[in-house]
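Okay, so subunit A shows up in both of these, paired with subunit B first and subunit C after.
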Partner chain A sequence: MTRGDKILYIVCGLLFAAMALLPLFGASGFLLRTITLALMYAVMALAWNFIGGYTGYSAFGNVAFFGIGATVTGVMMTKMRWDFAPAVLLGGVICSLLSFLIGPALLRLRGHYFAVATLGIANAAREIVAGWDDVTGGGIGLNLPLNTDKDFYTFIYYIFLALTILSAVITYFISRNKLGFGWLAIRENEEGAKALGIDATLYKTLAWVLACFIVGITGGIYAYYNTAISPEAIFNPLYSTTPILITLLGGTGTVVGPILGAMILLPLSTWLLFNFPGIQPALLGIIIILTIIFLPRGLYEYLSGRRKLTLAALLKNPRDNQA
Partner chain B sequence: MNSIQFAQTLVNGIILGGVLSLVALGFSIVWGIMHVVNLAHGAFIVLGSYITYTLYTSLGIDPFLGLPLTMITLFVVGYATERWIIHWVIRAPLMAKFFITFGIGMLLENLILQVWKADVRSVTTPYSGASLAIGGVNIPLVKLAALALSILMVIVFHLFLTRTRQGNAIRSTGMDLDAARLTGVKVAPIYALTFGLSTMLAGAAGSLVSMTTSFTPDAGARYTVYAFLVSVLGGLGNVPAVLAGGMIIALIQVFVGFYAPALKDAVSFVLLVVLLLLRPQGLFGKPFTSGKAE
Partner chain C sequence: MSTKPLVLQTQGLTKTFGGLMALSNVNMTLHEGEILGVIGPNGAGKTTFINVVTALYPPSSGKIEFLGRDVSVSHPHRMGRIGLARTFQVVRPFRNLSVLENVAVGAMFGAGGAKRSASEAFGRAEQVLTRVGMKDKISADASRLTIPDLKRLELARALAMDPKVLLLDEVMAGLHTAEIDRAVELLKQIHADGISLLVVEHVMKAIKALSHRIMVLDFGKKIADDAPDVVLNDPNVIAAYLGQRYMQRQHEKAG
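Let's look at the complex of A and B:
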């Protein structure tokens, strides 16, 4: 761990502490909701980071498990009158079971083919949920019980904050463990990793199931938070793409990258939405294009002091990547 | 389903299949040759629809005569996009290439929204309602023309790729970048040309689609998804495979849609996943090696 890494961990720790204290100082509802959303994306970015960042498998359809988690929670809370906590956990468990069943077969695919297969699963899940009228409410979706407690939004805020910290801690410990090194080995050279005795299928499946479990839980909490869930909303592809963008911006395969990425991108996109409402997507598109061209490995390598942030360093990346 | 319904559904499927092939052709070529999954493909199709719309409503140019103009415009837009943006990441990792096209798609969709607003548009000509009836089967003439033009363009593009010098340069770049370069192919302009041709075909698809269905600026995502289905089913960078893939997806859509409309997309996507697991190279594609598939 370099000195820059230590500083970044301290920054993240202070950020979490400040966020934990925020509601006590009577932060406005708007600020709280903006940060809640940023934290939700941070959790999903950390989840994607396991499979996409560390293991190097470009999962492109994580929204499938977001939607399934939200649907299970919704069905359990409305039709079975379950409480919030067990319903969300069941959503997470069902997501992990499903991902465990399809994982070994799916993870035989690499590169674009894996990305496209996960995209196909996301679309198939949406169509099935939308078509299963009796249980899921079809295209209209479900209305979850409304929580009228005045501290409800603060409660959700703390849940997402806790989940972010928990995911970050899990990432930190795995990344310094045999499992984390195994993932990196698979990412860099899968055949080589196998030759070293790493059970690639098992390691990949673990990364995938862990990611899907966390995303499923996040979907369940989102369903309770938002109360109205329709297949259009909970299977919105943005729930797949935004976490990946956040991770790319922050730095893939790092602990702090997804957190910092979420804390930069989400407030920025909200700010753009308020100041340039009509053209916000276009500006966001330009930011995405520039990030990918000039920061292909994210902000992490500069923030941690591994590389100096100079104009020459920024211009080197596109020169290396052209045909 | 009686015999007339069967014949009608079959005809609808074949017409849809021709158009879907054209929708997917450019996407499949860019994926197969440049190893770029172009998530902005649908947005280029929609841009084609709007250009045809403007040519017809503002200048009174018939959509079929406007087709070449739309295609030329889209070629220029695509060529510039590759030269100025995608060019800089062509050797970057997969996710970077995914997201650069995602960003381009967002930008393009929003620009279309700014220029043409969010209203639902369609290109309706005096002859739009004309149709041919054969033994109880109804065939709208505009759709028949769209089918004929789609298949014509697919065939002409196939001949271009296999019979011309430029086409061979494009194919060899896709097969082995370094070998192509060694034999004197200038790779950078070939990539720009490939991307330009792909968006040109997207423009043609958009132009033909605009005559048969209404459209909005955000219609692109759906086309991109269909392009995915058709290319993966058929196989990449291979023109006849795209035509076959388009027909199969279209027939699944119309026949499943006849019995269970809610499930027509679910069946297509489940088929996509199963096919990827069993035959990742597509039904008609050649086997790929994992290294080259990146």
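Let's look at the complex of A and C:
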């Protein structure tokens, strides 16, 4: 670990501490909700980072599991009168099981083929949920029990904060153990990795199932938070793409990248929406394009001091090093 | 040599790609402590042979035995874990990882990996890199290495796996004379540590310096398998691979 890494870990630690204290100092509801959303995306970015960042499989359909997690939670809480916690957990478990079943087949594909296949899974999941009227409420969706507790939004805020910290800690430990190095080796060269003794199918499936479990849980919490869920809303492709953009901005295959990415991109996006309402999507698009051209490995590389942020470094395409 | 036990053998090994017979009924033996050279013209099936033996491709028919076990149906990672390591002719480095991390992955997952933690694997990787003379490049990204260094990295990763048998696919291609001499020395040391070697190579100087026995493949068939001086004077081998000019030069050097 370099000195730059240590500083970044401390920055993240302080950020978490500040966020933990924020509600105690009477932060406005608007601020809390903005950060809640940023944290929700941070969790999904950390989840995508396992399969997309560390293992190098560009999953483009994680929204499938966001939607399934939300639907399972909704169905269990409305039709079966389950409590929030077990309903959310069941959503996560069902997402893991489904991803475990389709994973070994799906993960035989690579690159664009894998991305398109995951996109297909997301569309299929939306159609099934929208068509299954008796259980899921069809195209209209479900209304979850309304929680009228005055601290409800603070409660959700803390859940997402805890989930972010937990996901980051899991990432940290995995990245320093065999599982993490196995994932990186698969990302860099799968056949080389296999020849060195890495069971690529098992490792890829683990990354995928872990990612889908976390995304499923996040979807379930979102359902309770938002109360009303429709297939249109919970299978919104933005839930797939935003976590990817966040991770790319912060740094793929790193512990702090997804966290910093979320804390930069989402407030920025909200700020742009308020100040340039008409052209906010276009401005976001420009920022994303510039990031991908000039920072293909994300801000992490510069923030950790691995690369000096100079004009020359920005103009020299970092991809040049890769054959 | 042949009194030593067999570590790797194939019987009637055949591999077809559609109508193309890449390997045809190849019987190969490798004894403990042996260095077997494998030569043959381009497209003879040398790399395919390594790919089939390491389970990257399943054989169309025939049998592969490693350390007395039938491994005809296996997976590449399983072969790596039971002590069969290989290098790739077209190198497969982990470009965005450091040299040390590249080799540590070999130490984590190879035959010796089960008993090592990730941090112990880094210690082992450092040892191996010192051994192959790359200690000064430990923290460089693999993407910054030259081809000779990438070939050495490939070898270091395989060594870090603590294999019983090492299959080398043209590790000397692209090296200049002095580098070849150094590589031959290194392979001799590795062999002295008790690792049996199968060396696929076009560099005849290295093949002659290393091999206890040479097997020759041509169009997927084994056309010779004997002591180096016998094989290199075999008219079939001269016709298929070495060529008359090579023989003349050898005679001029000798005379």
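Observations, loosely collected:
The rule is simple: the second predicted complex is superposed on the first by the 317 of 323 C-alpha atoms of A that agree within 3 Å, B and C clash if a C-alpha of one lies under 4 Å from a C-alpha of the other, contacts with A are read in each partner's own complex, and residues count from 1 in each chain.
As a convention for this text, contacts are C-beta pairs under 8 Å (C-beta built on N, C-alpha and C of every residue); 3 or more make two chains touch, one makes a residue touch a chain.
Treat the numbers as computed from the prediction; the structure is a model and nothing was measured.
Of the two partner chains placed around the shared chain by superposition, neither subunit B nor subunit C is touched by A:145. Contact comparison for subunit A: of subunit B and subunit C, B touches the greater number of residues. In the superposition on chain A, contact of A:52 is made with subunit B only, not with subunit C. When the shared chain is aligned, subunit C comes close enough to touch A:196, but subunit B does not.
Once the two complexes are overlaid on the shared chain, A:248 sits against subunit B while remaining clear of subunit C. When both complexes are overlaid on chain A, the residue A:178 reaches subunit C alone and has no touch with subunit B.
By the touch criterion defined above, A:188 lies against subunit C but remains apart from subunit B after alignment on the C-alpha atoms of chain A. By the touch criterion stated above, A:286 is placed in contact with subunit B alone, subunit C being left untouched. Residues 321-323 of subunit A touch subunit B in one complex and subunit C in the other. Across the interface of their complex, subunit A is touched by residues 54, 56, 75-77, 80-81, 85-86, 88, 92-97, 101, 104-106, 108-111, 113, 118, 121, 141, 143-144, 157-158, 161 of subunit C.
On the subunit A side of its complex with subunit B, the touching residues are 52, 58, 60, 105-106, 108-113, 115-117, 119-121, 123-124, 127-128, 130-131, 138, 237, 241, 244-245, 248, 252, 278-282, 284-289, 292-293, 296, 318, 320-323. Chain contact summary for the complex, subunit A toward subunit C: residues 176-178, 181-182, 184-185, 188-189, 191-200, 321-323.
By the touch criterion given at the top, residues 31, 35, 37, 85, 87-96, 98-100, 102-111, 114, 177, 187-188, 191, 221, 225, 228, 232, 260, 262-263, 265-266, 269-270, 272-273, 276-277, 280, 290, 293-294 of subunit B touch subunit A in their complex.
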